[in-house]
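Same chain, two partners: chain A is paired with chain B first, then with chain C.
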Partner chain A sequence: MYRSPRSFAAASGNAMLALLAEQGFEVIGPRRIDEAIVYAPLGTFDDLPIGVTDRQMPGRYSLHDSDRRSYFDAAVGPHSVKHHLHPSSSTVWDITRSDDGALSIEMHRPEPAPLAVIGVRPCDLVALEKQDRVLMGGPHINPVYAANRRRLFIVAVNCNHPSGTCFCTAMGNGPTAVRGFDILLTELPGDEGSEFVATAGTDAGGRLLESIDTDAATPEQLERAAELAAAAADEMRAEVDLLEAGTHLKEHLDSEMWAEIGERCLACANCTMSCPTCFCTDLIDTTSIASVSSRRTRVWDSCFTGSFSHMGPGPVRGSIGSRYRQWLVHKFSTWHDQFGESGCVGCGRCITWCPVGIDVRREVARISRSGT
Partner chain B sequence: MHQRPTLAVWKFASCDGCQLTILNCETELLAIADRVDIRWFPEATSTMIPGPVDVSFVEGSVTTDHDVERIHEIRSQSGLLITIGACATGGGVQALRNGVDTGDVIKTVYADPHYISTLDTSTPIASHVPVDIELQGCPIDKGQLLETIAALLSGRPPRLPQSSVCLECKAAAQTCVMVAGATPCLGPLTMAGCGALCPVVGRGCYGCFGPMENPNPAPLVSRFEQLGMSHGQRTRFLRSVCDLAGQPSPTTGSAHE
Partner chain C sequence: MNAAPIAQPGRDTSGTTLDSLLVPRPYHVIAKRLETHDVTTLHVVPCDGGRPPSFKPAQVGMVGAFGVGEAALSISSEVHQLSQHSYTIRRAGPITNALIDTPIGGTVTVRGPFGRPWPIDDLDGGSLVIFGGGLGLAPLRAVIHEALRRRSDFTDLRVLIGARTPRDLIFRDEYAAWDERGAHVAVIVDNRDDDWAGPIGMIPDLLDDQTRAEVDWVTAHVMICGPDPMMASVSKRLTGLGVETSRIWWTMERNMQCGNALCGHCQFGPIIVCRDGPVVNLADIEPYVGIEEL
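What follows is the complex of A and B.
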C-alpha cells in the first residue's frame, strides 16, 4: 500500500469512480441540482460542478461561475452525509397480531448497499466522528447508523475556498483533514486542468489508489497543497476562539440575550436539521386501520419543537428564547460535559440555512463575553 | 366484534376538496368501511341515516345563521368532532371578507344581491363549538387523515406534528427555496403535515396548513421585505389561505425560563 502521497489527473479520478462502482458501491458526490450543490449519483469527474463556486452568507446561498476550472470549488452544501447515515426516517420494528392473538415482532436490521461518498469536507469528517461517538460509541448502538457507517467509503477533499459562513478553524479543525477518510484529495487547479494530490487513510483506500494510474506526488505539488491549505485557513481568520468561548455559554443561562434572540428566531428548526452533528430523534408508533399491526419509526426531531420538551401540561421550554438557548448551549457548551468535546465543527450550515440569518459565531462570541 | 363506530361527514362553507381527500383514500376505503359505519356522507353515498354518531368530520366554515344552528346541532349529536381543512379550522379563503364591508363584496360578486343571506364573517368551527381534533391543510393531507382514523380505531392519540414545514423540508433533503432561490416561503410559520409539498417542487409554502405551534411572524416579514415584497404583497401573502399574520409573538413564560 502507498505510504506517501500520490498524484493523478481527472482521468484517473474517473477510473477510481468506475472501480468503486464495479466493486458494488453506490457512488455519490457533489453535483449541481437546481440552486445548490448536493450529494447525488456521480458517474465521472465531469459530473462534478466544474467551474462553479458558491457564495454563502447568513441566510443566503447562491452559485456562481468561477474563473477557476476547479472540480471541488464549492464548500459544503445544505445537506451533510448525515442524511445517508442517520436518515430522517427509519423503521425500527413492525409488530403483527395474528387471529389467535399471538404477536410477531420483526426488528428492522437494514443491510444497506456499500456507499462511496466523494468530496466529503474536513468539517464533515469531524462531524462524522462526533456522530459515531453518540450513535455507536456507547453500549446503546443505533443499528441503522452502524450499518450505514460500516458500508461507507470516503474520498475526502481538502478545502481550497471556504465559504463566507465557514469557521472550522475557529472550532479547532479544518480546512484540511487529518483522519477519518479512505482517501484524501487536495485539488491543485491549473490551466491544463486540475491535478490531485491523494493520500490513503485506510488499506481499502490504499488498494484503490494502487489500482489506478498515479505518480508519486512531487515536492512542488506538496508545497502547493500546503500553500492552498494555509490560504484557505487565512480566509477564515477569526478574532474569537469559538471553541473556547462556547464552553462558557452554560455560565450565562440567565442572560437576557436569550429572550432577545427569541424575538429574531423563527423556531423553524432549520439550524438543527442542517447541522451534521445534531442527532436527536423521536420514536413514533402507528397502527393500521385494521388495528392488527403497528410500526415504530425513528424520525429526526429538534429541540426547537414544542413536542421535544413536552411533559404533563405542555412544553418545558415554551418560549423561543429558551429553545434557542438549548440549541446553542448544547452544541457549544454542554456537549463537552456529555461527550468530552464540542458539538460544533464550524461547517456554517446553521448560519447559511437559517432563513433569517442568525449567526452562531456572533451569538456565541457576544453571549460568552456578556456580564451575566 | 364490537359494534362498529358510527361516522358522519358534514359540509359547511367549503369547496368539497377535503371530502374528496377522503374519497381519494381509494385503497384504504374498504378497510375503513369494514371498521366503521358511515351514516352520513353526502359526497359519497345517497344513504343518509341521521341521528347521533360516534365521530363527526366537519368540513367548511360558518358563514350563515343557519350554519350556526346546524353546527350546534351536530356538536350535540357527535361523540368526537373533528374539523378537516383550512375552512373549518381557520375560516378558509372566504374569511378574506372578515373586516371588509360584506355588502360591498356581495354587490361586486352577485348580479342579484338581494338573494344572498350571509353573516359578515367566515369563522372556524372552533369559534362556535368545542372541537376535539383539528386536521389542517387546504386540502387536508391524506396521510394525516388515515393516521387519525387508524389512531381512533386503536384508541390512541393521532400523531399530528405541530412544528414547522421546514422540518419536513429538511428531512426530505430539499434545498431551501428561500435561502437558495430568494423565493418567499411561509414554511417557517406553517404547521407541518404536508411533507413540504410546495418547496419540494421548488415553490414557496403559502401557509395552507395554518400557523404552527409557536409562530413568530415578525422576523420572517422583515426577511420578505428584504426580498423586495411590498407592504401590500406581504400582507396578502400572510393572509392568503390561513391567517399567519395575526399570531402574537410567543414570548410567553414557561417552566424553564
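What follows is the complex of A and C.
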C-alpha cells in the first residue's frame, strides 16, 4: 500500500470514481446546481464545477467563472456531509396497535448503501469528528448516523481558495486536512489542466490509489502543494483567536449585546440548518387515519424556534436575543463543557447564509471582549 | 482494492443499534390514583410479564401515549418495590392528558430509566434536608423512602413541603407515616382553604427559628425540587445559614424529547439535563442560576 504521496491527472480521478461505483458506492461530490455548489451524484471529474469560483460575504453567495480551469476552486456551499449522515428527516420507529389494544414496536434499522463523498473540505472533516462525538460518542448512539458513518468513504481536498467567510484558521483548523479521510487531494492547477497530489489516510484509501494510474509525487509537486496551503492560510489572516475568545462567551450571558443582536436576527434558523455540527432534532409522532399505527420521526430542529425550549407556561427562550445567545454560546463556549471541544469549525456557512448578514466572527470578538 | 468493508473512520458501533434504552417497552396501567384535581398517579407493569427495571431516586422514564408522544416523568415509586413502577403526572398538555386518561388495562410505553439520581449513596452521614415544592415531591418520593429505610445513616431527616393550596399537596396521606418513621415533616401552603390549620407562606418560611436552631447545617445535605425560583430562594436562605453550595442538589427541568443526550433540547448552559441531570449539584450551575431565558 502506498505510504508516500502520489500524483495523478484527471483521467485517473475518473478511474477512481468508476472503481468506487463498481464497488457499490454511491459517489457524490460538489456540483453546480441552481447557482450553488451542492453535493450531488458525480460520474466523472468533468461533472465538477470546472473553472467556477465563488464569492461569499455576510449574507451573500454567488458563483463566477474563473480565469483557470480548476476543479476545486469553489469553497463550501450550503450543504455539508451532515446532510448525508444525519439526514433532515429519518424514521425512529413504527408502533402498531391491535384490536385488543396491544402495542407492537418495530425499531427502524437503517441499512444504507455505501457512500463515497468526493471533495470534502478540511473544515467539514473536523465537523464530522464533532458530530461523531455527539451522536456516537456519548451514552447513547443515533443509529441512523452510526450506520451512515460506517459506510462512508471520504476523498478530501485541501483548500486553495478560501471564501470571504471562511475562518477555519481562527478556529485552529484548516486550510489543509490532517486526518479523517481515506484519501486527501491537493489540486495543483496548471495550463495543461490540473494535477493532484494524493495521500492515503486509510488502508482502503491506499488500496484504491494502488488500483489507479499514479506516479510518486515529485519534490517540486510537494513544494507547490505546501506553497498553496500557506497562501490559503494567509488569505484568512485572523486578528482574533476565535477558538480562545469563544470559550469566554459564557461569562457574558448578561451582556446587553444579545438583545441588540436580537433586533437584527430574524430567528430564521438558516445558520443552524447550514451548520455542519448542529445536531438538534425534534421527535414527532404521527398516526395513520384509522389510528392503528404510529410512526416516530426524527427531524432537524433549531434552537431558534419557539417550540425548541417549550415548557408548561411557554418557551424558556422567548426572546430572539436569548435564542441567538443559546446558538452562539453553545457553539463557541458551552460545547467545550458538554463535549470537550469547540462546536465551531470555521466553515463560515452561518455567515454566508444569514439573510441579514450577522457575522459570528465579529459578534464573538466583540462580546468576548465586552465589559460585563 | 478488494471488497473488504471500506471505511472505518469513526468509533466501531456494530451491534449498538439495539441499545435497549432507545426501544420503548409496552406497560399495562394496573391502577390509578387521583392525587389532586389535576395530578394522577399511574401504576404500571411491563406487558411482557417481566419486572420493570431497577432505578435510582429521581431517574425518569420517557413515558409514551400511543400516537401522541412521550413525556419525561420521574419514577415516584420506591426503589425497592420493583413489582411495578409509578408515575405521578400533572395534566399539562396533550401527552400528560392522554397518559392520565389511559384506562386501567390500557397500554403506555416506557423508555428508560434515565438520568443522574439524588446522591443518597454518596452522602457521609450528617443531616439530610429535603425540600419539595408542589409536584416537585414526585421526584423526591423515592429518595424520602430510601432515607427512611436508612434512617440511622443520618443524624436528622427533614422533609419540608410546600404547595399553592392544600388542594395541591400530593401524597398527603403519607406525611404522618413519614413523620412516625423518623422524618420531621413540615408543610406550608401559599393560600389556605377551609380545612387548613397549618402554616401559610412560602417554603423558605419553613426555616423558622426552631428549625434553624435544631438542624446541624454544617453537616447538612440538601435536596430541592420545585420551580426554579423556589429552588433559588431556598438555596439563598441555606447559604446564609452556612450550607455550602456543594452540599445542595437541585433537579433541573427543561424541554425533553429524547432523554438520550442526542436531541439537544434539554440544555441548560453547560449542562445537558438528561445526561448530566436531572439532579445537579448547585456548585456546578451557580453561575447560571437566575439568568433570564437560559
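Just so we're on the same page, the second predicted complex is superposed on the first by the 371 of 372 C-alpha atoms of A that agree within 3 Å, B and C clash if a C-alpha of one lies under 4 Å from a C-alpha of the other, contacts with A are read in each partner's own complex, and residues count from 1 in each chain.
Here, contacts are C-beta pairs under 8 Å (C-beta built on N, C-alpha and C of every residue); 3 or more make two chains touch, one makes a residue touch a chain.
Nothing here was measured: the structure is a model prediction, and the numbers come from that model.
Residue contacts after overlaying the shared chain place A:330 against chain C, while chain B stays out of touching range. Counted by residues of chain A touched, the larger count belongs to C, out of chain B and chain C. When both complexes are overlaid on chain A, the residue A:291 reaches chain B and chain C alike. In the superposition on chain A, A:202 contacts chain C only, with no contact to chain B. In the superposed pair of complexes, A:309 makes contact with chain B and with chain C alike. In the superposition on chain A, A:61 makes contact with chain B only, not with chain C.
Using the contact criterion defined above for the overlaid structures, shared-chain residue A:3 touches neither chain B nor chain C, since it reaches no partner. Once the two complexes are overlaid on the shared chain, A:319 sits against chain B and chain C alike.
Touch criterion met: A:182 reaches chain C, while chain B stays clear of it. In the superposition on chain A, contact of A:34 is made with chain B only, not with chain C.
Once the two complexes are overlaid on chain A, the chain A residues touched by chain B in the first and by chain C in the second are 285-287, 291, 294, 309, 316-319, 322. Interface residues of chain B, counted against chain A in their complex, comprise 28, 31-32, 34-35, 146-147, 149-151, 153-154, 156, 159, 161-164, 166-167, 170-173, 175-181, 185, 187-189, 202, 213-216, 218-220, 222-223, 249-257. Contacts from chain A toward chain C in the complex involve residues 19, 23, 25, 93, 95, 97, 101-103, 105, 107, 109-110, 114, 128, 132, 134-143, 146-147, 149-154, 180, 182, 202, 204, 207-208, 210-211, 250, 253-254, 279-283, 285-287, 291, 294, 298, 301, 303, 308-312, 316-319, 322, 325-326, 329-330, 334, 337-338. Of all residues in chain A, only 33-36, 38, 59-62, 77-79, 83, 88-89, 259, 262-270, 273-274, 284-291, 294, 299-300, 302, 304-307, 309, 314-322, 352-356 touch chain B in the complex they form.
Against chain A, in their complex, chain C makes its touches with residues 1-11, 13-14, 16-19, 21-24, 26, 47, 66-70, 92-93, 105-107, 109, 253-255, 257-258, 260-265, 267, 269-272, 275, 287-288, 291-294.
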